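Letters A, B, C, D, E and F mark the chains in the order given here, with residues in each chain numbered from 1 onward.
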């Protein structure tokens, strides 16, 4: 294996060089990584990859979700998780459980793992230093018995303002911030917010080079049935047509739309990769072929604006 | 009241001057402040006082406990809290609940309150940036059926190393760190540790000017039955005699011993005050009379060492 | 008094928070404060208030006058003070005496007082580091025997350029600059300048948040005979009308005009207060009611320009 | 003159190089420079030389005296200057006059002159930023009618503590501090102190490379009657013998003793030069021959200590 | 000589003051300075002058040529130097020799001389930190046997991009950079470039106050035969007419055109002086009369642009 | 290869982590790398590896030799290289050629290569900023016709003082310094010095973590005839015995002795590796097995001193 060792390092040199000192936001979430059926050491491997990014000079910020673990804990406490339009209906109890699971359990474990592999993680959530100021989401239109109704989904928020100063201070000082998707609204009430959105907003606010969405699927497939039909790059102007043509469908639509927003806000590339593929993070970033789908924006179009 | 307004400000001037730029660690905890029977707006008032300290130039660090709330949550989940020698017996479930309550619930709420009153709070726990490295406590000797037995009290830790760098970075940049008393041991397993000890260790590591222990009692009383017999200052060398004479007794002994350690490590004064007395923090710090008991060390003795 | 103590501190918190790190210029002058009939400890109290402002995080700059003391000294030396149009006729001897009194006597005493109360004062005048470059004022029109004549009032100057760099260096390093109103013109000849103007120019050059003019009167009264008719706020656009309506009259006109200039140059508020009212400085800044008159500019008007 | 121009610059290069970035304290005083009989443009020339030192990279601090001008002003006001043992007897009036003359007149003029020649002077006295903390001198033994008596000489002080921080801030930022020899004692009362002593104390506190005493005489002469018998260098260990041998006599003794103290505190060389010799400052510093007497300490002796 | 010594220093004060902290680029080259017939100690004297500039606060950058020495070395190695249109035809061998002579011989000697006189020189060439990125010059039109032909002159380059960051780092840290006129093109091949051009480009990139071209001639003469007809200042708008009128002719034309470019790019003045005149650098910079020709641009014209 | 790619990166993580921010000095030299018979792209590969070290956070300093190229150039110019005791006899011509080849040719090419692969190289030699102050070596004892004679070997020097300040400035600012082994003695005469020694001296002066000697041989072999008998680690105290036992012999002795000096001066490890083995630098640093011999010092022994 000797000979190959150095070839790999040398092959990754141009990428390492290009990414040096740049900011990357990494979203971790979903059943494949955090659910009860996730592979035993998967999270260990992902964190190792993240720490490696840190040591080759990338300023890394982690945003995590935690849906599966919140559900699990709720059920233990005799509550049934409820969703409307993909959003968790969040009453007082649910909010308290979600916050405790996200901030007190998942975040702390992830920081601990980062430390174990030699990084210096620091847990944050939207409340810390007013990192995220949110507002309560409006009622959602739901069809009930054939009639559209307005339903209040409770303590679910959306980002109003990002104050990235504390993130800058941390990445400049060599820390790896790990962000839980909870925030407070103006009067101080806690809100549960979508982790994908938080990741996109943070990436945009910092002018990150890349946002990597580690999900349960391997990017966009031209033919859902053909695992080899993965589309490795999508230019933002193609998105509308691809949705119309039903290449992008279902749960992938909001992810791609979020990626579009981030790219239009200045993030150089948003990568959607399968977190359960071993070391997908390194393969996507440090090889030409990649393992997921990158959403980007053509240079000339950028300059036109 | 007009006239009095300015007198108060002017009276506090020498204290404000003396405390300017100094570091103070404030421990908040206990039933009176955090228990179900605590006065409605008490925590709001305490946080307002803390933010005021910040604005008059004091570098403030908060350490919180959470025993009453952990008990409450455990009972909700059908578990009975169990203590040996004052220490919580901490099995896996208890550890998970304690961590979620401390880090995910109490800490986040406290940070949110600090922000509400104009400070910039940041939640931390011992895992963040390896702030506290702990080790599992040895088994405790317990008398069971008249026999002394060694009982493993589970995931309870004690501080090994404090890495105060992240605290320094935060207070230098105008943030108010809020610390939960959980930490990891070397291999990464989480441990629950005593908040009083954490507060003392942090104060010692930073060379804080003051450590203020906000408790359920108004300092040391010469005669427990006489509320007016409060001793306002105790020199560390007097402690042994006072314990022998049974002036300091029961649960006050470990608090005073902790204070002694902090003072001998360089903290200028440790103040034990009653957190449920309105604005006891300001009264103790900014008036001559004070409302609690201060443990200190004579100057000349310091220089001898 | 115990209970009230903390209420006062807490009431002032929003102001302390709002003023934290902001720059304020305080003009001290007039018979009530500096004349022979001034109350015995008045200057001590004023300086205590100023030092308190410093310790609650306000970057404080003092500008002092000294008319009464110059007159007193001149008379001791057998010279009769002479004024034309409110300006001191300043021949060579008068200039020398004025400079010695302002720089060598009043300024030094004020710095010494600031130090006594725990601040770090530094005396300055317009010559230091070219802080103020002035030019000689033109001759004044005076009516003599019914004829208007041009009279040279001697070594009286007006500000040409402010070089605020040394002030910035000092306030950033925790010093309280105390400025005497003397300056040099281009060729180096000393000039006596009006302290009100110096205060306004310095406030404008630094973009101060507030300029506080401590005078002999309690702001603008709607009815001069009624002490309770004080107008607490005047928007700059109202000034012309108020002069026309003879609400603002006499010696108050130049003060208000000076305030107008400062506010139009970006100072957020100019406060005219009565320096002989005990602690008027604190009452005006830290209570809602205030004790003087504030000149300010409406936000929207600002943005229009 | 063309050819000579560049030779001079080149000849001074090794000195310029050696003095670059070093701190020098220059004491200006005495009848020849400041008295009524001083040459018309002498002070202009001296200040030009000082500004030149600044521009060739020397961090220059000026300390001035003012005896002749204080006497003059006192006489104008009908007071007779009085001295005991070379020290001015300083009652309340004398103190006020001395302070006004030194701080308000001489200092301001000197700063103005420095500015005129392109430097950035800033006037200071012992009170500014607590630069000099002094204490009142004890009574002096005086022989009156053949009996030795203790006489209180009034508000005359001697240095207790130098706080050189403000001087460092100023010279690091390109300013030339000009110091008047007045200070306050602990309780804030002003004191008049000896300018030679202030210069020596400041030089020692800053670890200055050189202290230059510009006086009325051209250093130490081996034979007082022979102007050509000047001694250009005196090693500190020779001083006792030279006083015993009456080579150093009269008013030169305290100057040489002061120089000895400064040199023993770490100042590399103290130069006593005649300020009324045109450009004596430059000639002493930038030529091998020099024009005065330098007191220094042998290297090896330094290392022994 | 005593009296004159200080006069010279004082006369140069306004220049020293004006040039303090400013950046100057000094081009050294030509037969008179570097050729075999150059006066024995000339280079020593020039370097001494440069170090003097450094010590009076000027940030000095040296650019050197080396034509005569390259020719000499080529001839030693049996190669005949060849020029087309004033440019050296540079084949592979010539490039290697030129680079070795410029970077390895002349530059190193010059740095060593700077150190000898107390400066801290650092040798650089266009390759270091990508200081100069060049491109190969196009073929030159040459008349051969009456026909114009395109001739490739080999590895001769012209500046594309200057990266002055390393120069700024060095002059801010007290070093004197010495630049050899070689650079690499994009793919890394070395190129020989014209030293006059490099000097002009560097001066423009740094916004230098002055560019001093030390050449073999004493500036522009109104009448070539009359050494006393030197024109001391030329405003850029006069250049066209002076070339038309044949006052500026021959090899002086490209030098003046280069100066014009530098001045139009923001350099305050370009001075063409005779390097073989002893201390011409000091005489030109520090006396009113000067010894060369300065090209400058009128203020008002500057503002019009 | 996919799977292996990420394994390699992950395997190197602990090394990357451990070396992050540390200083390494890399010596390149010898026939295998720089001689005419060196493999075509070898130097490109070595430089790529060095740039990779830079991008994974190692502060890299290169020292190069150049014996083979100096010999080649001398022979071209008709001079015969001559050695005594392994040292090049260096007359005036040889010194000039050596300097030109090292500084003007090899160094410039190496810097250009570093730039080509994305680093920012800067060429230096001992003269730059007085990096190395050397002194001429004493005559060498040589046996001529059976008699020991003292032979002056000319302009060969040895290090007296290292001034590493400029190296620190460069590595802190992201540059890769490349050092040629020439220096000047006190009076400014150039000297040729041994590159191995320079590398060791620089590593010691900077307290480098590692010094890597890239040579023509693969470290120390227990049995010279058996390539597989390489000794991977030698503790400094074993060296004497290994020389005695003739395990270390011939030209390896001075290399090992140099390594010993570096290690005893605080360098953590000196690695002797074969530069002609592809990517030996990466294999030695980032794999457990390594490819050369490391000289180190036991921890406890270190603390004893």
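Before moving on, here are some points about what is shown:
Operating definition for what follows: a residue touches a chain if its C-beta (ideal position, glycine included) is under 8 Å from a C-beta of that chain, and two chains touch if they have at least 3 such contacts.
Please read these numbers as outputs of a predicted model, since none were measured by experiment.
Contacts with chain A and chain C are shared by B.
Taking shared numbers over all numbers used, the chain B to chain C interface scores over half, which places it in the same class.
Averaged Cα coordinates give chain E a centre that lies 37 Å from the centre of chain F.
Distance between chain C and chain F, defined via averaged C-alpha coordinates, is recorded as 70 Å. Taking the mean of the C-alpha atoms as each chain's centre, chain D and chain E sit 47 Å apart. Residue positions of chain E in touch with at least two other chains are not found.
Viewed as a contact network, the protein chains form a single closed ring in which every chain touches exactly two others. Following neighbour contacts from chain A out to chain F and onward until the ring closes gives A, F, E, D, C, B. Across the interface of their complex, chain B is touched by residues 76-77, 96, 99-105, 107-109, 111-113, 115-116, 120-125, 127-130, 166, 169, 173, 175, 182, 184, 187-188, 190 of chain A. Looking at the complex, you find that chain C touches chain B at residues 1-14, 16-17, 20, 45, 48-49, 51-52, 55-57, 117-118, 278-279, 282-283, 286-287, 289.
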